[in-house]
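Notes follow once the structure below has been shown.
Chains: A, B and C, in written order; residue numbering restarts at 1 for each.
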Amino acid sequence: MNARRIGALTGLGVLLALPFVTPAYFLHLLIQILLWGFIYTAWSTMGRFGLVSLGHGAFMGVGAYVPALLWNYYDVTPWLGIPLGIVLSALLGLIIGYPCFRLKVVGHYFALVTLALGQVVLLSIVAARDITGGSLGMTPRSIGHSWYALQFPEKRYFYAIALLVWLGGLLVWRWIDRGIGREALEAISDDEEAAAAVGIDVTREKLRVTIISAALTALGGALFGQYLMYLNPESVSGIGVSLQIVFAAIAGGMYAMLGPTVGALLTIALTEGLRVWFGANFVGAANAIYGILLILFVVFMPRGILGWFEMARRPRAGPAPAE
Amino acid sequence: MRAWRKFISAGGPKPIMLSLVDVSAGYSSLRALFGVSLEVAAGETVGVIGPNGAGKTTLMRVISGLVAAFAGAITLDGRSIVGVPPHRIVEHGIAHVPENRRLFPRLTVEDNLRIGAFIPAARHHFAEQLAWVYQLFPQLRERRRQPAGTLSGGEQQMCAIGRALMSRPRLLLMDEPSAGLAPLVVQQVFDLIRRIRAEGLTVLIVEQNVQQVLEVVDRAYLLEVGSIRLAGTSTELKNNEFIRKAYMGL
Amino acid sequence: MDMFLLEAAINGLLLAGVLALLTLGLNLIFGVIDVVWIAYADLVMCGMYAVYWLFAVYGWPLPLAFAVSVLGVAALGMMVHVLIIAPILSSAPINQLLATGGLLYFLQSFATLLFTTDFRNIGVRLPIIEIGGIYISYSRLLAFGVALVGATALYLFLKRTYIGTAIRAIAQDREIIGLMGVDQRRIYLVTSAIGGALAGLGACLLALQYDVHPFIGNTFGPLIFMICVLGGLGNMIGGFVAAFIISQIIAIGGYYFSTELSYVLAFMLFIVLMFIRPQGIVGR
């Protein structure tokens, strides 16, 4: 047992105790931080290895809309609907990933393909407006407190779910970090040909991490849908969302386990802070600041805030920034 | 045209045009030149010979500004040109024909020549300079609308030299002009260098083909592992035991 | 021949003009400087707002508003290069994508802050002309004509002028361009200005036909990237051709299905083509 372990357990204890002592408003913020943190972490599992996706909104969208649609039209419980959404999302990741990686579509091109994917999902949702409600969005049919429908008006339940899921995400991150997969992926990100020459199955490693990332993001999207009880194509699959994910992960630091969560803290705190300070008049101010910060981060701190701390603490060089 | 050619072939004692004193240079991970000193007088043709990896190309790049010198002085007509960016060095009258030609492959021959005349001083005399270059290299005129990448090795070398000449230089730097060329073409290239030399241009050539280059230059330096080992007139070097054994296979 | 189909096809052709202009701008910047401005469509948005404010709000004559808008976006392009791109030129390409992504975010949000999300139209109603039973909007025709003229002007500039030749050259060998007496930084600046000017020109033409709002960039931005990649990133002719092909798909697809679906089709086609030929239809 060392300081780190104790620190982590204390942190966990605090998190568990919070719902009993904090007002609903803060709980709402916490849930958002946990869920977004989870999604950002999911993105980072790919991003840290140079597979930068600008279209994760696609996975969020699929993950969110599938269970909601199945519930509204066929009364299928989200307990089935969400896994289905996850599977479909993973499949999407596979369908896009396989050809991309086989054919060495990387870097710029890969980012643009994912951008296009995000657009395809967005436009498909809007085009199917008869069932999805198009740009106006849709609401899952509400039946009050229900485990079957995974709907809970009291925030505490969702807090627990969010906390669990977030912890799960961290575990997955750690699993990837500790596994052989990580070294293989770092080798690939460094020099793909050399990695292949050494016998690493480049395509398989990349696909594995892509599918995981897609599946987790889908789960995050689904939970958001269930929590907010409102879905909107722009807010789950828009470019804005996809970029926000990238920004937060980078700002917080995608090479550290808690980095993306720090990113979530940053973004939520910023939005709320600005809202409190400026009121509703300054819609758009938060995002404008994100934009500038993203630029500044890319220029001055490509490894993010946490990464910067890490660098200060131990001089050992980590993996190179996405090359 | 005439004014330029007369200027560069004026008679009288030849002043030192280019001077390197104790120049050290290299790349971030690797030092290539250690305290190199040499000079080139106006109107002279000087050679730098040496094996692969000796630093010959780095030497050219340091003069033309592509690589920064860590230490030492480089002067042109007495004025320091250390730290001057490459595009300004051209304005001072130094033109560099890079190793491996480095033509713009998808531009036509004429466009490559045109870009050589980019600096304002050269632009005003573009037409006559172009005419002169075509006169020196008739094959280029024939192929002037062809993409430069489709030319043969020898023609590309001519084009690269022509491109450098378009900037109306006083000093021409040539980096391994014979590299990768068939022996017959190498002969043509060196004949060309003789012609350019006859026009009165000052030339600094870096070459691996020792035999050919010693026939063309007035003086030469031997550069090995980043330092000057020998220097002398071409006759002296041709008769030097070491050079004959190591570099001319005699 | 179905008249309406022909009409759709022709209108698609006319739309292509503007898209082609914007594609030229993006390709120029990528081909020369080797960066993709993710926020390019949002520069267009800025130009559209400029036209709106100068013409519809301050009452300037339209041609003047257009001219100022083009110059303004050109200046904006140079600023983007100096402030954002130049500092990270040697960084990994993905960082450049992210930095311009941040710019996208910033421009869209800033515009929302300044102008709110209301749709604004400059209110110029150009007539619809009828040629042989087909109805063509004059503004589309005008846009097409201007785009062609713009493309031709760009072509001549690149082919015939010293700077234009230098721009073409630098894309082929960035390292030794200095040996020709060309200042690389200056060329990059000029290229950014031209890219911006093309965006500004596109903005003027789009303002004639569409409403402007802060997120309008999201509607054609991804489309333009897709067109560029299809034609081969950096390949100006390829992009030009691809613009027309994609516009036709959208126009004809929109005729048979809905507009959104036709976009979906176009994007899916893009994804598929990426796998068959990643370097684009025309390729390098």
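The definition used in the following text is that contacts are C-beta pairs under 8 Å (C-beta built on N, C-alpha and C of every residue); 3 or more make two chains touch, one makes a residue touch a chain.
Because the structure is predicted, anything quoted here is derived from the model rather than measured.
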Category of the chain touch graph - line, ring, star, complete, other: line
Central chain (distance from its CA mean to the mean of all protein CA atoms): C
Two chains sharing the most C-beta contacts: A-C
Centroid distance [mean C-alpha coordinates] between chain C and chain A, Å: 31
Rounded Å distance, chain B centre to chain C centre (Cα mean): 44
Distance from the mean Cα position of chain B to that of chain A, given in whole angstrom: 57
Complex contacts: residues of chain B adjacent to chain C: 64-66, 85-87, 90-91, 95-96, 98, 102, 104-107, 111-112, 114-119, 122-123, 163-164, 167
Chain A-touching residues of chain C, taken from the complex the two chains share: 36, 38, 84, 87-88, 91-95, 97-99, 101-113, 116, 214, 218, 221-222, 225-226, 229, 233, 258, 260-261, 263-264, 267-268, 270-271, 274-275, 278
In the complex with chain B, residue positions of chain C that touch it: 162, 165-166, 168-169, 172-173, 175-176, 178-184
List of chain A residues in touch with chain C within their complex: 50, 52, 54, 96, 99-100, 103-105, 107-109, 111-113, 115-117, 119-120, 123-124, 126-127, 238-240, 243-244, 246-247, 250, 282-295, 297-299, 302, 321-323
